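Each structure below appears as structure tokens.
Next, two complexes with chain A in common: one pairs it with chain B, the other with chain C.
Moving on to the complex of A and B:
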């Protein structure tokens, strides 16, 4: 009994610092943000204003615009990027292990550069003059220069393009690990039955990789719902709110207009969306796979 | 027939991989090449794929106009400290959650885990008020470090990893009257080395590249991290593409070198805790 108590004491000691930090720097802020969303913030005496922040928020057309942009960005990037990731992993899987490592490294490399540097490089590549890198590439095929970031019709697409052509390395590595875990005997059995390549893919490979796909889908959606750095660095939400995402709107509301209460209300809408969408994905996609 | 099909698949695979590999690398290549071209001097913003004249001018302009050395030092200090604290506290707590039994273990762990779904935007404002107004830590190393000493994500990762280690050694040590911290320090830590190295590397890269919190908590040029300083430089001097590319190269080169030096850890480390989690 005494021994047991001593074990427990140590265990609590081991988690003490992380738990204290969690209480102060995560849990308290969450609760505080929730209260703040019903207040007009002031350092000394915040004023309770009921649902006014939420009313203001739902009356603001930019708020809806930002939700739409975020939705569009997520729907147009996450599935496409998962498809690209899957294809690349599938191609790499065909190679010998030495070349697998080589291509994994190449595909992963840009992920070690920060969001700030990547955004700066793309900002320069999207240069709207005919000498800009992408425009001169298009010019090579006789196409007119495009004002990528400075016109409403292409600004959000430019940010999407950046993710398509960015690093898919982490996802590729996860897919490859999962592909390596599929028993060879399944394919051999399929060969005996003269199964087509497509049948093997749709009946064996794809279903068995579902857990990885689900993982990439859920994390991908959560990340893209919070897209911020590329917007901040490249477009500042413009032109004409064409790239104002919900995360950027929250930043603006909080740290440019100092409307802390309103920003908190916006952030809880974002939370609610993320939680609901994550649950839906689990429900739709999750299947127990045994092999 | 079968082998012909296989060769075709291999051919398509290699072609696609080479093409996509080039596409993936081009931005980084262009960043580095761009920083050796003095586009500012001849007033055209044009950066070519191969410089006609190699120039170090963009680098010297970047370092002359900014406090870049100080920013690099700040980033190094902050990332190093946060790497050590994250590895230490995450492995300690991860071990407790994975291997020790104590009342409330699962409840505490689930509360931690559930908050991971809450986006950073929610906690940012109260955190800002707390650190800036209550603790008075604006523009200080302490302010940069304090909220990130150990992340829930890292604790989760270490819990997953620690639970794969054999329990028998722990029991043996306990019979030998080793103290619980002694067990952790002398037995668990050496066994967990590969996992800890991966966590250390990813923590360092993450904090070196971190942007949002350092942006909010720093105010003076002297306290900026390299990422925040570089972003500020872009907004102050948008026309000097060469110097901006030089700055981007300076900010990312340490991580690129780290990647090549520790490639194995980067490429294998991703799978820790992620698959079948």
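Moving on to the complex of A and C:
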């Protein structure tokens, strides 16, 4: 045992650094937040109140509204974005190597920009006057200017639109890598059997890309459930709670109302939802692929 | 050999990190006799960075045993940084802000009453210290008396034949305002429209100021009773909605943010901008210089500071308050002497020329006699007619109920603003809810939060 430890001492030493960072900056805050969710947080005299924060949360209509908005946002963005990402990757894959590299770089560029910067650009595009970029475009077709971010009917859709027209870079790179890993022999065999293009796609390409799709689905749902920056920058949860998501509600509860206990309870409910949804996704889509 | 080298690098890196961590926890290498007072402030006015540097240098010369470490926060991120620090139990000793019930509720706000000498109390102008008290206890020292109202473009007012000097002196009613505002509405040669007034849907003051002018001083009264369930609130909401319906305000008001509101004003597309303050004199003067220098394109605007119109049959009630420095203790209390030194710094930064420069630059009334004395005979910023208008407006001031209610009511009020007022005001401007529906929503939310 001692000999084994001595043999691997260097490995343990190097691992120690990230483990310590994980304990201090991840595990400790999670445990603290969990305890806080049962307290009326006060910087000097926190008070244990049992499940009161959870009761308050489940009695709040804004919480349910935020839950619904988050669910709607996830359902309407994740599958659509995966489809868009897949299509873009599929088209890029048909190109010659140097063009593939060019498009990979172009598509990945927005990922380098911060969410705040992207939000500001979109903010200008959603300008409510007829001079706004999107409204000017609609004006060509004789349409009236739309108050994109200020009407309950369009505000959440506007935030969804931001994801449809961006943030596909990382997914495209993953898909392209996965497509490149599919053995050519499978397609050659299919050609010998006179398989149609659709048959090759549905029987070879798509099944073999399932692990990548599952990864994008799980991470997409997790990120989508935590959508915050665009809400914070563009709408502040309004109008009339039309864009209040759980992550924004947590922020509001903690940093506007100073109710850190309640915010912690909301965070743990969000965590529970994400864990359950992720498990379901793995159960439904996970398959062992060997080729 | 290779491993030894790697080990040495790793240990060196760890030592660097450890020494960095430990030095940040020490007293910055200062001698034990020097007490460090942390001040978090903002660029209160254009030259504040230079002004505070000078004030601090003078303080250090006079008090060698106290060192002020100050930081200029940004208006956008500063409040969040402070909120996190406060709720973690480590706020700065001195923070630039108005007093707040939420601060007091943390138990970390420093009660200044034990340190208030008769000399300091008498230096403050009548009624000013009250603007930094919560339930009768002093938590802040005001640096100046702020006020909010509306700002107007003199050219547009005069083209519409509006006697703005009379309005500055005598105020105006809602119906008088509407009559005058309609005169300013017209189509411009470039195909765009000029409006009577433009506001934004993000900040909450537009409704608050008009509700105050209807006689509802705040969301709650001084006893903490919810009062926005009064019929006058419904009338206020109807009045605001009618401005959009009658074309006095843009129909896209629901989508206008503060920057866009200023853009309307600077581009001469509105006669009046809400909100405004006397400091617009300085801002527009700077902008005019930039236009002359070719840095900015546009029309030079002559600023007119206008009061908020009041409900017919009611009375002029202006939005006023005191802003300055608030004192704090930390979770790990640094002791009584440190608290005394904190107060000493607060007094220094708000008195005489140190505090007076902000009032002078912002063109608002001074807070302390020593500030008036320091600026006697000196040229002050701002247009004389706007300074008089600000003084008249100040005399009609009604402070916020926050100064009188307990922390619980204050927190509920904040929740009401975020969860009822903000969402509903956008709905009011966009027309997705009627004033009656919004009034009902206010009543329900108020009943839930203030019962």
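Following the convention adopted for this analysis, the second predicted complex is superposed on the first by the 281 of 291 C-alpha atoms of A that agree within 3 Å, B and C clash if a C-alpha of one lies under 4 Å from a C-alpha of the other, contacts with A are read in each partner's own complex, and residues count from 1 in each chain.
Here, a residue touches a chain if its C-beta (ideal position, glycine included) is under 8 Å from a C-beta of that chain, and two chains touch if they have at least 3 such contacts.
All figures in this text were calculated on a predicted structure; none of them were measured in a lab.
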{"item": "Fit-or-clash call for chain B and chain C when the two complexes are aligned on chain A", "value": "clash"}
{"item": "Which of chain B and chain C A:10 touches, first, second, both or neither", "value": "both"}
{"item": "Of chain B and chain C, the chain that contacts the larger number of chain A residues", "value": "B"}
{"item": "First, second, both or neither for A:260, with chain B first and chain C second", "value": "both"}
{"item": "Partner chain(s) touched by A:240 [first = chain B, second = chain C, both, neither]", "value": "second"}
{"item": "First (chain B), second (chain C), both or neither touched by A:26", "value": "first"}
{"item": "Touched partner set for A:43, first chain B, second chain C, both or neither", "value": "both"}
{"item": "Partner chain in contact with A:128 - chain B first, chain C second, else both or neither", "value": "second"}
{"item": "Touched partner set for A:106, first chain B, second chain C, both or neither", "value": "first"}
{"item": "Shared chain A contacts, counted only where both chain B and chain C touch the same residue", "value": "10, 14, 43, 127, 129, 255, 260"}
{"item": "Residues of chain A defined as touching chain C within the complex", "value": "10, 13-14, 41-45, 62, 127-129, 145, 147-153, 236-241, 252, 255-258, 260"}
{"item": "Chain C - residues contacting chain A, complex", "value": "3, 6, 10, 80, 83-84, 86-89, 102, 105-108, 201-202, 252, 254-256, 260, 331, 411, 414-415, 418-419, 422-424, 426-427, 429-430, 432-433"}
{"item": "Of chain A, residues touching chain B in the complex", "value": "6-8, 10-12, 14-15, 17-19, 21-22, 24-30, 32-33, 36, 43, 87-88, 90-92, 94-95, 101, 103-110, 112-118, 120-125, 127, 129, 131-133, 165-168, 170, 173-174, 177-178, 197, 211-212, 215, 222, 225-226, 228-229, 232-233, 247, 250-251, 254-255, 260, 263-264, 266-268, 270-271, 274-275, 278"}
{"item": "In the complex, chain B residues that touch chain A", "value": "5, 9-10, 12-14, 16-17, 20-21, 23-25, 27-28, 30-31, 34, 44-47, 89-90, 92-93, 95-97, 100-103, 105, 108, 111-112, 115, 117-130, 133, 146-147, 149-150, 152, 155, 179-181, 184, 205, 208-209, 211-212, 216, 227, 230-231, 234, 241, 244-245, 247-248, 251-252, 255-256, 258-259, 263, 266-267, 270-271, 274-277"}
